[in-house]
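Both of the next two complexes hold chain A, though its partner changes from chain B to chain C.
Right, the complex of A and B next:
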């Protein structure tokens, strides 16, 4: 370890250069496209039923019925939120969804059940559905679940490609290895944060323009919080990719390993949990077990999730840096 | 003459292959140092360890008195043309080299000027805004050389600098290296023995990871004791005896190239001098040799000092000459 020689000016230069290079080399653009397609598709799938309902209402009664729209949003969002937060199991969620559907078919007086179940929500679900713009909450929860799979498209090649083609050799006599490693990590994080900002801004703007049931200030505040959650969440996953990228020479292998590790931990925890309950704690090998707390109503939980994310980041970066500092390049 | 690079007992192993085995030698200040060896001899490994790309298993390397394990202390003082390193293909070459100068603490304007000057030296100034992907192999090699010359490094390592270049470009690079010798110590690895003999004043020869020979080119080629002589016709035995009887001539051998062996009609000879007597110097021996040849109606066509580096290289590495 030779962190004493870290040079802030070099780290800044390398991170800026790396962010620009991410765009120029195409990998950044590929990530931007995938992340945008994923983010906007999620938003579209969630928003589309509400838009249809609004259009139907306009056609049938000449105006929108905000109460009915809110109920539809809760119908869509509640099972997703409760399942993702682990409040209810998959069986419970599907059972409730089926019964709600039956109820709706039997009861044409559509507002009858509006808000009936809200009091039964746990505080977290209630916060996401009632206190915050529910549509945005659902979208954020899905993005928080899905973005860790997408981030590896950007972060897999921080080091490995330049090790394979020896391109790093032009840099090694001009700066320290620690500056390269941390500079590229910061550059990748910067780029990822910018992409998150673009996605969240696009979704929020679209939502604000199309579904006019939330006050703009509520939407804006929740959008900023959601953006922060996503931006912070990406950091430990980028650090995992830094570790993998510094450990293998092949960019392809680095990408495959990043995917396998990120998805593998989740799968092992879920599948292992069926066979042997303590296996579900494998989830905590990565931030999977903590990450939803980044949109938790209690500040202590939120802070805990932020600290956990930073701890994971520090751990993976330390391992990656030790590997990078001591290896042949 | 002080040494700017000092290599002691350097060893490196890749799995079962001993790439370097207790290699020790020094590179004198302001010299052009040639590192020779057949493929796989360990030349690139040695350069890579000097530049700290690779970690040595044992031994030490000091450049300008600094242990290369603390390579950051050599930033700006040591530069390298790595053999097979690639530039970023989709970034304009000007941007890449400017970035290197920014790391050295230059302003954008200074960096740009220095880079354009360096690109001009290798004939690439007009390509500054091109991407690396649009350059030919030879141009990329020249770009690598340009980045090695950036700034004012005191020690420059050039791994196969003229490989893949056309003769004119290779000549341009050799001239550039000679010019830079006034300001820097340059180490060059090359397969081109004639080039090394022309360019370098010191050499080391590696073979299978072992150092087999190191020293000045004059010492290695026995420049003060041996002469290559090409004649208008082969010599008779009696003529050879007559030449050998001249004071200061130890012996005269036919140079046995493959072609000469086949034809048995070699006109190339190697004269070994014996300058042990105080009153003798090279001129005092060579002049009577040439006079005697002319008396015998044999015209000397070419006379050169010392063995060729190729002859010495083939001898110490045990390799066979490929020349016809």
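Right, the complex of A and C next:
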């Protein structure tokens, strides 16, 4: 490793150029399209039933009742969020849902029962669906799960394309390898963060202006926290793509490998876990295992997740840089 | 500027244009078939929301249908032509036609949102924003990032 040759001005110049070049090169454009359509479609799928419920309520009782809408969202969202966070298994969630249904049919005092049920929430679920705007929390959870699959469309071609056409040889007359490697990584991260900001801002603006069931200040604060969580989450996945891109000569192979690695780790952990329980720990080869903690209420959890994120990034970047520094171009 | 220097983003834009144009043309066939059969759909056993949607479509009338059909056809043709223009890096076929497509699509999205009932796909929702992503991106990119590439 030859980090002594790192030049901040060069890294800055390369990262700025790279983030602007991302759209021109095609990968940034494709990522922008896929990320925006995915993010906003997720929001639409979550928000649309609520809007229909509001329209129905207005038709039936002549006015909207945001409190009742929020309560309905909590009732429906609670078991789903508990399952997604791994607080309860699928069997537990379905069993509880069935018993709640039976209680409601037998017991006419449903409000008292519902109150007891709500108080039985674990703190994490309670934080996400009661203390914070639940709709935004659900959207964040889906984006946290889905965005790692999308990020490789942006980050797959940081190095491999220029290795394939030998373009890097001309660039290396003017700067060092470490400046190119880290500059492009930072440029890609900057672009990804900007796209996340657009998605979160659009969804929050829509919720605030059109749906209007949460106070604007709550929405804004939670949106900033969610945006930071998403932006930080993308960094280790971009580093994985940097490592793969620095290791292979073909951009297409780099894209396929990035997809296989990111999705494969999750798939192997889930499928392997059925056959042999400890196989579920494969999940921790990438941030999959702890990434939901980025929106945990306890500082120890979210801070731990941020530190883990940085540690993964440092690990993959180091491997990628060693490979790039020593390889034949 | 020769075609060998065509940026990857412009090629990607052309490919996306062809895909959307193909979808649009297939959608036109579906739209025509749907309009031909809409009067024969029984609404007795449907839920209220579905019933309202079908009834709104049944009451839409031929002139409105023709306007929607022609706008969709125009949009698909403009996408196809501008896609060819991007590949050949033509100023008129690429940049001008691409800009016309983007402006027409943005205007028609806004107008249909205002004029049509929510049951007919009108009103404003997140899918309206999703529908505006590509034309807005086209408008921005053709006049900034790829401005100097479409000069033939």
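We adopt the following convention: the second predicted complex is superposed on the first by the 301 of 329 C-alpha atoms of A that agree within 3 Å, B and C clash if a C-alpha of one lies under 4 Å from a C-alpha of the other, contacts with A are read in each partner's own complex, and residues count from 1 in each chain.
The rule is simple: a residue touches a chain if its C-beta (ideal position, glycine included) is under 8 Å from a C-beta of that chain, and two chains touch if they have at least 3 such contacts.
Just so it is clear, the structure is predicted and the values come from calculations on it, not from any experiment.
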Touched partner set for A:328, first chain B, second chain C, both or neither: first
Contacts of A:271 with chain B and chain C, given as first, second, both or neither: neither
Contacts of A:170 with chain B and chain C, given as first, second, both or neither: first
Partner chain(s) touched by A:206 [first = chain B, second = chain C, both, neither]: second
Partner chain in contact with A:47 - chain B first, chain C second, else both or neither: second
Chain B versus chain C as contact partner of A:24, first or second or both or neither: both
First (chain B), second (chain C), both or neither touched by A:37: second
Contacts of A:307 with chain B and chain C, given as first, second, both or neither: neither
Chain C-contacting residues of chain A that also contact chain B: 24-26
Of all residues in chain A, those that touch chain B in their complex: 2, 5, 9-10, 13-14, 17, 21, 24-26, 165-176, 326-329
Contacting residues of chain A [partner chain C, same complex]: 23-30, 32-33, 36-37, 40-41, 43-44, 47-48, 51-52, 202-203, 206, 210
Chain A contact footprint on chain C (complex, rising order): 7-9, 11-13, 16, 49, 124-127, 129-130, 133-134, 137, 141, 145-146
Of all residues in chain B, those that touch chain A in their complex: 48, 51-55, 71-72, 74-76, 78-80, 82, 84-91, 96, 99-100, 102-105, 147
